[in-house]
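Multiple structures are listed underneath, in C-alpha cells.
Shared between the two complexes below is subunit A, which pairs with subunit B and subunit C, respectively.
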Partner chain A sequence: MSIVLTPMEETITLEPTEVWLSNPPVTESDAATPIWYRELQEKSWERFKELPVPTRTNQHWRFADLKMIRFADLASAASASDSASLIARATANRPADFAAHFVFANNRLIHSEIVDLPAGAICLPLNEALAAHGDLVRGHFLQETQTLGGDKFAALHGAATLSGLFVHFPKGCVSEKPILVHHFSGGEGQLTFPHTLVVAEDNAAVSVVDVFESITVSEQTLTVGVVDLTADRGGRIQYVSLQNLSDNGAKHVQINNTRAGRDAAVKVGFINLGAAWVRNESLNRMTDTGADCQIFSANLANGIQEYDQRTLQSHEAQHTTSDLFFKNALYNKSRTIFSGLIHVKPGAHHTDSFQTCRNLLGSEEAEANSMPGLEIDADQVKCSHGSTSGQISDEEIFYLQARGIPADDARKIISLGFLNESIEKLEGDELKAYLFAAVERKFTHLDESA
Partner chain B sequence: MSQSLKIENLHATVDGIEILKGLTLEVPKGEVHAIMGPNGSGKSTLSKVMAGHEDYTVTAGSVMLDDINLLELEIDERSRAGFFLAFQYPHEIPGVSNANFLRAARQARLPKGEEVDAVAFYKEMYLKMDELGMDRKFTGRSVNEGFSGGEKKRNEILQMMMLEPKYAVLDETDSGLDIDALKVVAEGVNTMRSPERGFLIITHYQRLLDYIVPDVVHVMFDGRIIKTGGKDLALELEEKGYDWVTKELVPA
Partner chain C sequence: MADSATLEAVNIDQDEGNFSYPEDYAHDAGYGLNEGTVDYISNIKGEAEWIREFRHKALKIFFAKPMPTHWASKDLENIIFNDIRYYLSKGQAPTRSWDEVPDDVKKTFERLGIPEKERKYLAGVEAQFDSEAAYSNVKEELTKEGVIFVNSTEGLREHPEIFRKWFGKVIPTGDNKFSALNSAVFSGGSFIYVPPGLKVKHPLQAYFRINAENFGQFERTLIIVDEGAEVTYMEGCTAPKFETATLHSAVVELVAMKDAKIQYITVQNWSNNVFNLVTKRGLAHENAEIRWIDCNIGSRLTMKYPGVIMKGRKARGEVISIALANNGQHQDTGAKMIHAADETTSNIVAKSISVGTGQSTYRGQVHIPKHLKGCKNNTECDALLINSSSRTDTYPAITVRGNQHSTQHEASVSQVSEDQIFYMKQRGLSEGEAMSLSVNGFVNDLVREFPMEYSVELKRLIDMEMEGSVG
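The block that comes next holds the complex of A and B.
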C-alpha cells in the first residue's frame, strides 16, 4: 500500500545567487583537532560554496520569507566583552536541579559547572572533546546526509569553528537531572555555531537543555546550530531548545537530527519565544524495532516574527512509534510555517505515528501555514495527522470572566494554557516550570510591543 | 442598604426571541430559594443573563445585588461584586491547571500590587477539596478537562467555596449526578449557608431539595414566576408533575 499526501508545487520564482560570506568561519587554530575533522571542515566549506541559496523552487522552503536569508556582511563572532554579567544572567535564572551547566558567549566557553554527573559520563565542550575523544565524536558527528532544506546551513556549520557540548552517556549511565547549556550571541552581523552532540548508549538516559539568548537587543546576529542525538538500544534522551533571542534582529537556524535505535526513546522540545526569524528542522529517524520519537513545540510569535518549522518522522523499522505535537500562538503580524511529513518506510509494519499542529490566532493579521504530510509504504500501520487554526473560544473567556478574571487576563491565561499543553509533555517538573515561566514572561511583554 | 438579590420585571431575548418575559423575584441574604420549572421555561437563560453572557440581550428590568445594578457591570465585575454562577455545563480550559485558574480568580480580587499568598492559598484549597472529597491531583489537572460530570460539578462548588460570593446561583447542579455526588455537592452548599449569603438553586427535579432544603420555592414557566411557596411546593410539584403547572397554574 502506498499513500502519498503532499502539497502542490508552488509557482517558480528564481532568487539571485548570493554570497553569504567569502571565507570559512574558522576562528581558532585547530591544530589539536583530528585530521578527519579538519578534512570534514574543508569539504563542508567546498560544499557550502557550491550549494545554492534556497529558492521557492525548493519544496522545503515553501511559504518561507526568503528575504530572511539574504545575508550580507556576515562574520564569525568576536569574543563577548562582558562575560561576568552574562554568567550572572545565565546562573540567576535556571532550574534549581541540574547535572551540569555550561555557558557559551559568541561561540566561546565562558563558564562551566559540573554538579552531579554520573560516573563514566563525558560532558565536554566540543573542541575539547574533538581533541580528547576524537574517535568517539566521529561516529556520531554530522552523520546525517539528508536535510529538510537546510543543507547550505548544515554545510556552513560543518565548515565552522563550533561551540557547544559533547555529551556521551555510556551503557547504563543514567541522570534524570538536565545538563543546561546557555548560548549567548551578540555584535552586529555576528555568526555563531552551536553544536550539541548527545549520545545515550544502551539503557543510558540523559537530558540536555539548550538556551539561546542575545547579549543585547537590536543587533543582527545569526545562529547556525546543529543538534545530533543518538540513542542506542533502550537509551533515552530528552533534548529541549529554549530559543529566547532578541526579536529585534536575531536570526536562528537549528537543524536537529535524531536517531533512535532499538527500543530507544527520544523526546525533543522546541520552545520559540524570541528572534526575528527562526528555522527549525527536526529530522527524526527511528532506525530499529521499538524506537519511539516524540517531538513537541510551543511557539509564541509576536510583532513580525516568523517561525518556520519543518519536520520528518521517519519510520524505518517495525513496531516504531512517534508523536509530534506542535502549538503556535500568534499575535500581531507574526507568521508561522509548519511542514511535517510522516514517512513509514517499506517494511516498517506495525507503526504508530501521529502528527498534530494547532494554531491559536490572536490577531486577524497573523498568518499560520500548516502542511501536514503522510507517506505510508508499509502495512498494519496506524497514522494520523492534522492541523487546526482558530481563535480563543468566547465560551472559554466567558467562563474565566464569570470567575472575576478580566477579559484580557483571561485571554492570556487561555493562550498560556494552550502552549503549556505542549510543554506539559516533557519530563521534569522543575524544567517544565522553568520553560513555562519563560513563556509567561514573554506574555507580560506582549502588550508593550503590540 | 438593600440586602438581597432582587430581580425585577426582567425581559431578555436571544436571537430576537423573548425568553424572559417580566420575571420578578427576590432572594434576601440568608435565604435559599429554589426555582423549578419544565424544560424550556427559561431557567438557564435567567442564570446566563445574570452572569452577563453576550448571547442574551436584556430588553427591560433590573437585577440588583444589594445596591449594585448587576446589569450595568462587565461579566468579571459581576463576579468580583459577589455574584457567582455554578454552571450547568462548565467549560474545559485545556492547559490551564485548576490551581492556577483559582489563583487567578483570587488574584483578580486583590488590589493592584498585592499578590496571593501561595502557601495560605494551597492550604485553604486543599482543605476545601477534602470537604468535597476531591483528590488533590485535580489541582494540577486542566480545568474540567477529562472530568466526569460529577467531578465538574464538585469543581464548580469548589470554586464557589474559594470565591465566597454574596449570592450564588446554581444552575441545574444536580443534573447528571449520582446520589453520592449529589450529597457531597449539597453538603458543600449547606456548609456555605449563612446569614451573609443568598442562594438561588435552579433545578428541574425535586431530588436536590431533599438535601438542600429551600426556604422558598418558585415555579417558573414561559419566562415568568407563576407560583411561589414554601418547601412543600417542590413536593407537590414532584407529585403532580409539570402538567399541573401548565394546565392549572398558568393564568388563562
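The block that comes next holds the complex of A and C.
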C-alpha cells in the first residue's frame, strides 16, 4: 500500500473569491422554451452550487493542475461585435463539400447555410429546436450521469443558455457530407456554452464537425461544452471536434456522451491545437449487441498548454467492440494527461476492446502522464491497452537528412505523420485534409514561437 | 494495560536475553490500539528511548491519516482496529495449538510441499510465530562471513550503528496509513546486513505464520547490502482460517549500496480472512539492482505495490509479480518505479489470474522527472480470467518529463480458450487438469524466475487453487 499513488496529498482550499459564478448563466429568457427545460436549468443550477470543486484526492483529477479551475469573475458572454469578419474566417478554409454550416459567436447564431440535407433531417440551432421539437430534444438531452470528474461543469452547462446545434436524422436518413459548426468565443472572463446534440435513428448516418476558435487572442475565456451523441439500431455517427482556441488564456471543457445501440457505429475525433487548458471527457457506452465505438485524438501541445483527457469505454452488452487511439505531440513546457478506462460490465461477454496512447516528447521540459485502465467483469473478453512515451530517434532524423531533408524539417515531417495517424482513421478525404491543414498551421506557429 | 509489576518482570526477562527463548514468557497487549499498547510493546522489548518516541510519533500519524478509500477498495472499512490484538507472544494464547487446527489447514500445510526437515524446523518454532517471528537456522554459518541476520528488536538493540541510519528512511512513517501503523507497533521481521563484496550463495529464508485469532502481525524488515555484495531473501507465509479478520501489515525496506544486488522473493499464501496491507520499497544506489519477485495467492485483500527508488546512476529496478485471486479474494498488487538518476532502467512484468468471483487489480506508477537523461521503463501486465464472474482491473500511471527517455506499457486480458481445453481433453486430461496446465503455462515464464523449490511450491499452489474452478 502506498500513498504515492496519489502523489500530492494537499487539498486545495478555496479562496473566498473563488466563486466561479454567482448568478445562473441564463442570458435571455425565451417564452418559447418548454417548461421542462427551464425546470432542468433550475435543477442544474442547484446541483452546480452543491457540487464541490474538484480536489487533489479526486482520482478523476489526478495529475491535473487544479490551479486551472480556480475561477473568479466569470460572466456569460456578451454578443460579439464583428460578425462579418468571423463569418469570413469560418468560411475561408472550410471543406468544399458540406451538408450545412452554422456559425455561433459568444453563444449566438450569426450565420447559417444549408446546402444539402436529406429529406426528413432536422438541423436547427438548439433554442429553435427546443421550441419546435421539444420532446425530441428532451429524450436525448443531457441524459448521462457524469462519471469522469466533470459533473460540476456539466451541471453548470445544464443551467446555462446554450448555443449549438440539434441534429436529428430519422430512420434510414443518410448523409456522408459533414455538417460544419463554428463556435467563436471572446471577451475577458466570458463564458460560452456550446451544445451539440446528434441523433441517428435506425440505419441513419450523419457526420458533424465542431470547430472552436477565439475571436481575439489573449483573452481569458471559458468554454463549457457538452456533446450528446446517440446512434440507434444500425445508425452511424461521425463526430469531430477541432479545438483551435487561442493558446493564450482560453480554457476549454468539453464533455462527450456517446451511446451506441444495436449494431450502431460511432466515430469520435478530438483534435486539440489551441487553448491554455483543455479538459476533454468522453463517455462511450456500447449499450446493445454489435455496438462499436472508435475514439481518436491528435493533440499538439506547445508552450505551457495542458491537455487533460479522460475517457471511459463502457461495454454493457455482449459482442460489442471499441477502439481508442490517442496521440500527443508535446513541445516546450506543455503537459498532457491521458486517463482512459475500459469497463466491461458483468454479462458483456465476447467484448473486444482496445486502447492506445502514444506520446511524442519534443522537448526536455514537456510532461506526459498516462493512466490507461481496465476493469473486466465478463467472460470471453479480448482487451488490451498500450501506452508509450518517447522521442524521435537520431536514426530517424539521420535517415531523412541522408535524403536531403534538413533536420528541422525532418522533425516536423515525423511529428506531423505521427499525429496524422489518428486523423487518417476518420472518414471523408476533404475533412481529413481540412483537419490536417489545421495541424500543419500550428506547426508553423511552433517555429515562430521557438 | 500491564501493571508495573508485569512491566518489571518483562524487563527482567528481556535483560536476561530471553529473546531467543520466547516460549518462556506470556505477553498479550490486549485488544485495541492506544498509547498504552505502544508502551507495552516497547517495554517488553526493552527498547531505546528513540525507538519508543518513533513508535509514539507513528501512532499519532496513524490516527491522523484517513483510509485511502478514495482510490482503494471499500473493503478496508471492514477492518476494525479495536478488535485486533497488536502484540502476542507465546505463553498467553495461541488460541489453538496445532492439534486443534482444522484438518483442511493441516492438509493444506502438507500439500504446500515444504520439505520434511523444514517442516520439523517449523514445527519446533511454530508457537512463536505471531508477534515474534525470527529464523536463526542459518545464522551461525552466515555470522562467520560477517553477515548480520537478526530480528528487528535485536537489530536495533545490538547494531544501531548499522541499522538506525536507514531505519524508516526508505519508507517514512507517514508514507501511508498502514506504514504508520507498522511503525507504531512493529515486532519481528528480519534485519539483515551483508558486508561489502560478499555474495551470499544461498538464499536467506523467513517463514511467517499467524496462529492466533483477531491478531495483527506487523513485522519489520530492513535489508542493507553493502557495496558490491549480493543477497537473495525469500519469505513465505500462511495463517489458519478463522471466521474473523486478521491483519498483516508489514514494512520492508531494502538498501542496495553501489554495485549491490538484492533479490527479494515472496510467496504469500495467507488464509482468506487476512487483510494483507504491506509497504515494500527499495533504494538502489549507483549501478545497484533490486528485484522484487512477488507472488500473491492467499489473503482476503492484498494491497501491495513493491517499489524501487533508483537513486544512483545506472541503477536498476525490477518487479515480477504473479497474483491469483480465487473466490472472495481481491489481489490489489502492482509496482512503483521512481527514477531519480540518469540512465536508470526499470522493468515491471505482472501477471494475474482471476478465478470464480476473484478480483485482481494492477496498480502501477512510473515516474521519470525532467532533469534526467536516458531512463527506460518497460511495463507488461497480463490478466487471465477463468470464470464469467471473475474480475480484473488495471490502473497504471506513467509520468514522463522530457525527451530523453522511453517508456512502454502494455496490458492484455484474455481467457483460456475452449479450443485449448478441448485439445487437452482429447489427450486424456480432465477439464481441471487442462485448466491448471493452461494457467501454469500462462505464468510459466515468470515462475522460472523463482528459485527451484519455490517454483515447485508455486506450481502446486496454483494446481490447488485451480481445483474445482471449472465445470
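Here, the second predicted complex is superposed on the first by the 432 of 450 C-alpha atoms of A that agree within 3 Å, B and C clash if a C-alpha of one lies under 4 Å from a C-alpha of the other, contacts with A are read in each partner's own complex, and residues count from 1 in each chain.
Rule of thumb we're sticking to: a contact is a pair of C-beta atoms (placed from the backbone, for glycine too) under 8 Å apart; a residue touches a chain by one contact, two chains touch by 3 or more.
Because the structure is a prediction, the values reported are computed rather than measured.
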First, second, both or neither for A:G120, with subunit B first and subunit C second: neither
Per-residue touch tally on subunit A - higher for subunit B or for subunit C: C
Partner chain(s) touched by A:G417 [first = subunit B, second = subunit C, both, neither]: first
Partner chain(s) touched by A:P52 [first = subunit B, second = subunit C, both, neither]: neither
Contacts of A:K382 with subunit B and subunit C, given as first, second, both or neither: second
First, second, both or neither for A:E396, with subunit B first and subunit C second: first
Residues of subunit A that lie at the interface with subunit B and also at the interface with subunit C: none
In the complex with subunit A, residue positions of subunit C that touch it: 68, 70-72, 175-179, 277-279, 281, 303-305, 307, 336, 338, 363, 365, 367, 370, 383, 385, 387-415
In the complex, subunit A residues that touch subunit B: 394-396, 398-407, 409-410, 413-414, 416-421, 424
Of subunit B, residues touching subunit A in the complex: 51-54, 74-76, 78-80, 85, 87, 90-91, 93-96, 100-101, 104-105, 108-109, 142, 159, 163
In the complex with subunit C, residue positions of subunit A that touch it: 1-7, 57-59, 62-63, 346, 349, 359, 361-391
